[in-house]
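The structure that follows is given in the form of structure tokens.
A, B, C and D label the chains in the order they appear, each numbered from 1.
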Amino acid sequence: MSYNSFGNLFRFTTWGESHGPALGAVVDGCPPGLALSEADLQPWLDKRRPGTSRFTTQRQEPDAVRILSGVYEGRTTGTPISLMIENVDQRSKDYSEVARAYRPGHADYAYDAKYGLRDPRGGGRSSARETAARVAAGGVARLVIPEVKIRAYLVEIGGIAIDRSRFDDAEIDNNPFFCPDAGTVPLWEAALDAARKSGSSLGAIVECVADGVPAGWGAPLYAKLDSQLAAACMSINAVKGVEIGDGFGVARLRGEDNADAMRPGNDGPLFLANHAGGIVGGISTGQPVVVRMALKPTSSILTPVQTITRDGEATEIVTKGRHDPCVGIRAAPVAEAMMALVLADAKLMQRGQTGR
Amino acid sequence: MSYNSFGNLFRFTTWGESHGPALGAVVDGCPPGLALSEADLQPWLDKRRPGTSRFTTQRQEPDAVRILSGVYEGRTTGTPISLMIENVDQRSKDYSEVARAYRPGHADYAYDAKYGLRDPRGGGRSSARETAARVAAGGVARLVIPEVKIRAYLVEIGGIAIDRSRFDDAEIDNNPFFCPDAGTVPLWEAALDAARKSGSSLGAIVECVADGVPAGWGAPLYAKLDSQLAAACMSINAVKGVEIGDGFGVARLRGEDNADAMRPGNDGPLFLANHAGGIVGGISTGQPVVVRMALKPTSSILTPVQTITRDGEATEIVTKGRHDPCVGIRAAPVAEAMMALVLADAKLMQRGQTGR
Amino acid sequence: MSYNSFGNLFRFTTWGESHGPALGAVVDGCPPGLALSEADLQPWLDKRRPGTSRFTTQRQEPDAVRILSGVYEGRTTGTPISLMIENVDQRSKDYSEVARAYRPGHADYAYDAKYGLRDPRGGGRSSARETAARVAAGGVARLVIPEVKIRAYLVEIGGIAIDRSRFDDAEIDNNPFFCPDAGTVPLWEAALDAARKSGSSLGAIVECVADGVPAGWGAPLYAKLDSQLAAACMSINAVKGVEIGDGFGVARLRGEDNADAMRPGNDGPLFLANHAGGIVGGISTGQPVVVRMALKPTSSILTPVQTITRDGEATEIVTKGRHDPCVGIRAAPVAEAMMALVLADAKLMQRGQTGR
Amino acid sequence: MSYNSFGNLFRFTTWGESHGPALGAVVDGCPPGLALSEADLQPWLDKRRPGTSRFTTQRQEPDAVRILSGVYEGRTTGTPISLMIENVDQRSKDYSEVARAYRPGHADYAYDAKYGLRDPRGGGRSSARETAARVAAGGVARLVIPEVKIRAYLVEIGGIAIDRSRFDDAEIDNNPFFCPDAGTVPLWEAALDAARKSGSSLGAIVECVADGVPAGWGAPLYAKLDSQLAAACMSINAVKGVEIGDGFGVARLRGEDNADAMRPGNDGPLFLANHAGGIVGGISTGQPVVVRMALKPTSSILTPVQTITRDGEATEIVTKGRHDPCVGIRAAPVAEAMMALVLADAKLMQRGQTGR
């Protein structure tokens, strides 16, 4: 976890800016012999792709991924897999305003403070456009863990939570919000339309679940599975909170309520609850791994906000670019990718250390 | 972040089990020339030390830290600093029950599933006793960032939150709960006494704030400051959720409420709010860095819980060891240590890459 | 140093196969604000480019490098720099023979043993073509260490050593062998012509010197400057030996001959000799850093060699591809690149840890 | 490979100074379930121990190793193994001379230049005493690779090479020089006695061979097995050159002589030669892995040498401490340890990535 690389044995490095010619990822350490072609990756990119509904940015990007190395005759060779996605719709608009003044809530000021300069075009490296590269890399990671099924969905937008009693996996891909509860869809639709019209934006909560993770993944103490997931999720643009299992809810539980009791099962223990979200002591227990993350409302809004210029002068700014009224929506496929990337690495590390 | 090491340029590695002869940390990459003696580290260890009130485990450990290398004539030399803490009160009790059956909520089953064997004495490596080594290492980290002031305190125990209007820094060290609100202290005292008497335990929320962090620390995209803090905090025993700034609260904010507006200040911008918790785009902004974490109630309780044995037989278990009724309390000094360790690394990385 | 990444603070990752569509490098951790364009990198690639004389492979590759990220308005931004070189002359020849039988001295068998499969086209990932990516990355590294001047040259081909008394820096770029001794050039020319005609190949020794390295670079004990250089040089295709300063010659020196005495100088000590090659205790001394490496004769030769097929049958093989009669020649620019990459990292690490 | 840690999946970190209270290593990533006690490590330390003959330093150190963590009931648990060796004979002599002036050939000046201060007692961190910790860690590594047999021996001292035709494995432990040729022993004895009497010292060449390494270990391109070995060996005190297989000799071979031909064997190919030293393309071939390293004569000699003081004044220095007349001798067990450490890591990485 240094700069733009993530992972230990299964490691990926991303590169690229919002308005550069392309962006990509290099996946290193992928096991050899896995069947892999662009067709295995493209569906995941299509899920994250902008411009698919009125609730996401109107930027039109085909997000076509190319595999430039690491595959021979349709199989991974164990050498680095270079993935590239060309930017197509990087509009030649005028970025002089963004270059001049800092957009509050965006990384403009922080990048300038860190590096002394920045690429203002569409947020440069700090743009969520980079997550396309993660999703491509995550597609490779999924092939490493075929025993695991990962799905992410939204459980809350603008303070409106789903009704868990109506949770239906099959609904997730039936609406533009990755919403597992059909009854909540019209409420979110209305809230987002209202936000769009008023030039505002809404926050959201994404939940991501991995079924099929065997017990034993995660390397204590500083490559704990939950620690790696927290790092992975917190690195997603706009995420401000991460929780595992009951998460912040555990603070209100008593010890006897929180311990997930066990009974004998056919294949390992049968747990009577999953407050732990599938991870204890930083190691998977064989239960579903459950992570939730909170995403802030995008700071690109039409309401003027007070700010300062690069020269330190007071000014106001209105962000007119193409943006998502709720960045949480397109974060769902990104969360799945990060989960896959963390789990693929944990699997290889576990195999490496223990032979299991 | 691999196995038992954390950090990039400023890196530490911990070792040791709850009932082994000793535990320790090796701090590598510490800048040379810093004044350092055991007396600089012992106060932090004393804050975390068990047995200081009836609200923490009754294990009696002096937690006296020894510096075995890396210091010459009272100054760090730039070579690895080996810190060792001997275990004194590792009681020779009978651990055959814990060796035979898995304690739900503890790492017993997960360690067995991962490694095929485990040290059952006091939880072995999974014991929170390991955090003593982090606190010692954190004491070294603090010397690297003298410009930063870090303080952690509890904001909630057993569902009882402090009253923020009564927040007083000076109170934090005046009570056994690191509670910044004197009015809440008796409530927590009563709740914890009741929990202790009924053989139960309570969850908690710890908040940790770093003042004085300059703008520009944190290395996007996968060594983002918030990502590193999330990994660091989630690696603390019993933590199930981490949030930065408004955290999960951002999910209910609108874009115009969440962006922290800026005005010209004397030394960098003057922010009109700190929803971001001092971090945007993974980089510090110069505002206070605010992180909060939720800790589950310890699973060592007197109520019998259903579980299985190593051989897969059904049984019940009651955990009789010495334990904290609220592990959140002693997590406060650990949270401070992890914050210091992350910030020290971020400072050196920033200096290395940019010369600033 | 894991898989396809090298370096700590200044880190690069390469990808690509000999006959894939492209190859490249991602340089991560480059300081911001450095002037950088393709024109800064192309000259180094041109030095390594194949097909420039009859003494190197006849493969025709323009090796035009493109910068895909990390640069804005001609300056590095501190974000990852993606460099790509398209393969142009990957001939659609028949590789079924190489796919079927292992070429002795090539990585064919080892890759199969490791991965269970391999890309046989031109050696796939094991081809020295990958070094084009290193040379591009090395071009970026040079910008990080403008105080350092690096030059590599050949001191021996096919057992014919240069005459050190005729050493002339200015000659190095005057002949196709990077030979600093004009008198030796015709001898090497004759030897290589003879080797080419008989379908054979010759070994070589490359020396690489860095002037201007200040005292204090290198991080003991396992990121010692000489240790990093040894790793870097040994990773170059065909290198079988690496030495620093007097290298293997020290084994025959006596203690009083080997210690480089010091006298007071204007700017640090004035050394009376440089047996140490500019590195003592793994740290630079301010003297020129001198590394030498031995390169084996390429194993692609016209003489039939006994080998086995993938199925374990006995057979013979003659390698007919386009190859260098002396791979040592084109290793000189690669050695320079690796030296630059190691030094850039050492500089940033030193600055990070010590602020110097 | 950063600072004081080495390795990827199987990683060790050393700490300690020559005259500090102790030194040690933390071995992280060791597979669980291996039988391990101090008795498994002590024999390797005894081989390296000083004071065992008149040809090594007269410092008396029992070098008794203690295991402080990571082992339960005689088996490794998969958690970090902390190894500690107390320093006993760190003589309270006067180091003011060494503190004041730089010993040429020693790391004194370089450490000062890097860190701005140094521990002058016995060389501090730069002392070869640190290699005791490597040898202890190497003892753990050997348990990870029981299929491999490693032996190191000297092949040259003071320019006197062994006669390879008299090579006898059984002789290696029969003399104080790890010399495999009984006929050479008296020659080395005489040369070393003469060097000792004249207050001088001699260089040496150590060869280290690993039998039983299966094909497929080593992770190209930057964790190549030969690259890791080169880094490991060059990190040993006084080593100035490293070569694999024929090493520098390959520079004088022709392609047809250098390729190791293969015939069908019972278990993988039967190689007709081993010019490659068991590594091609950075990956083991199943042949013996052969590495050789050159060690300089120690610079601690009785002949006065010109040098400068910390203040930059000209002076002379004579090093009077206890030292090895030929540091190459005690480097043999260290070379074995480094070989074991590199191979253990390569094995786990290979298993992690490929499952083989």
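Assume contacts are C-beta pairs under 8 Å (C-beta built on N, C-alpha and C of every residue); 3 or more make two chains touch, one makes a residue touch a chain.
From a predicted model like this one, the values you see are computed outputs, not experimental measurements.
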Selected interface, A-D versus A-B, where C-beta contact pairs are more numerous: A-B
Distance between the centres, which are taken as Cα means, of chain C and chain A, whole angstrom: 39
Centroid spacing, where centroids are CA-atom means, of chain A and chain D in whole angstrom: 46
Centre distance in Å when chain A and chain B are each reduced to the mean of their C-alpha atoms: 26
For chain D, residues that touch 2 or more chains besides their own: 2-5, 8, 14, 29, 32, 78-79, 114-116, 125, 220, 349, 354
Chain-level touch network, classified as line, ring, star, complete or other: complete
Footprint of chain C on chain D - complex, ascending: 1-6, 8, 14, 102-107, 109-111, 113-116, 125-126, 130, 156, 158-159, 195, 200-205, 214-224, 226-235, 240-264, 268-269, 272, 275-277, 279-286, 294-301, 303, 305-308, 312-314, 328, 349-350, 354, 356
In the complex with chain D, residue positions of chain B that touch it: 2-5, 8, 11, 13-17, 20-24, 26, 28-29, 32-33, 66, 68-70, 72, 75, 77-82, 114-119, 121, 124-125
Chain C to chain B touching residues, read off their complex: 8-9, 29-32, 78-79, 220, 348-349, 351-355
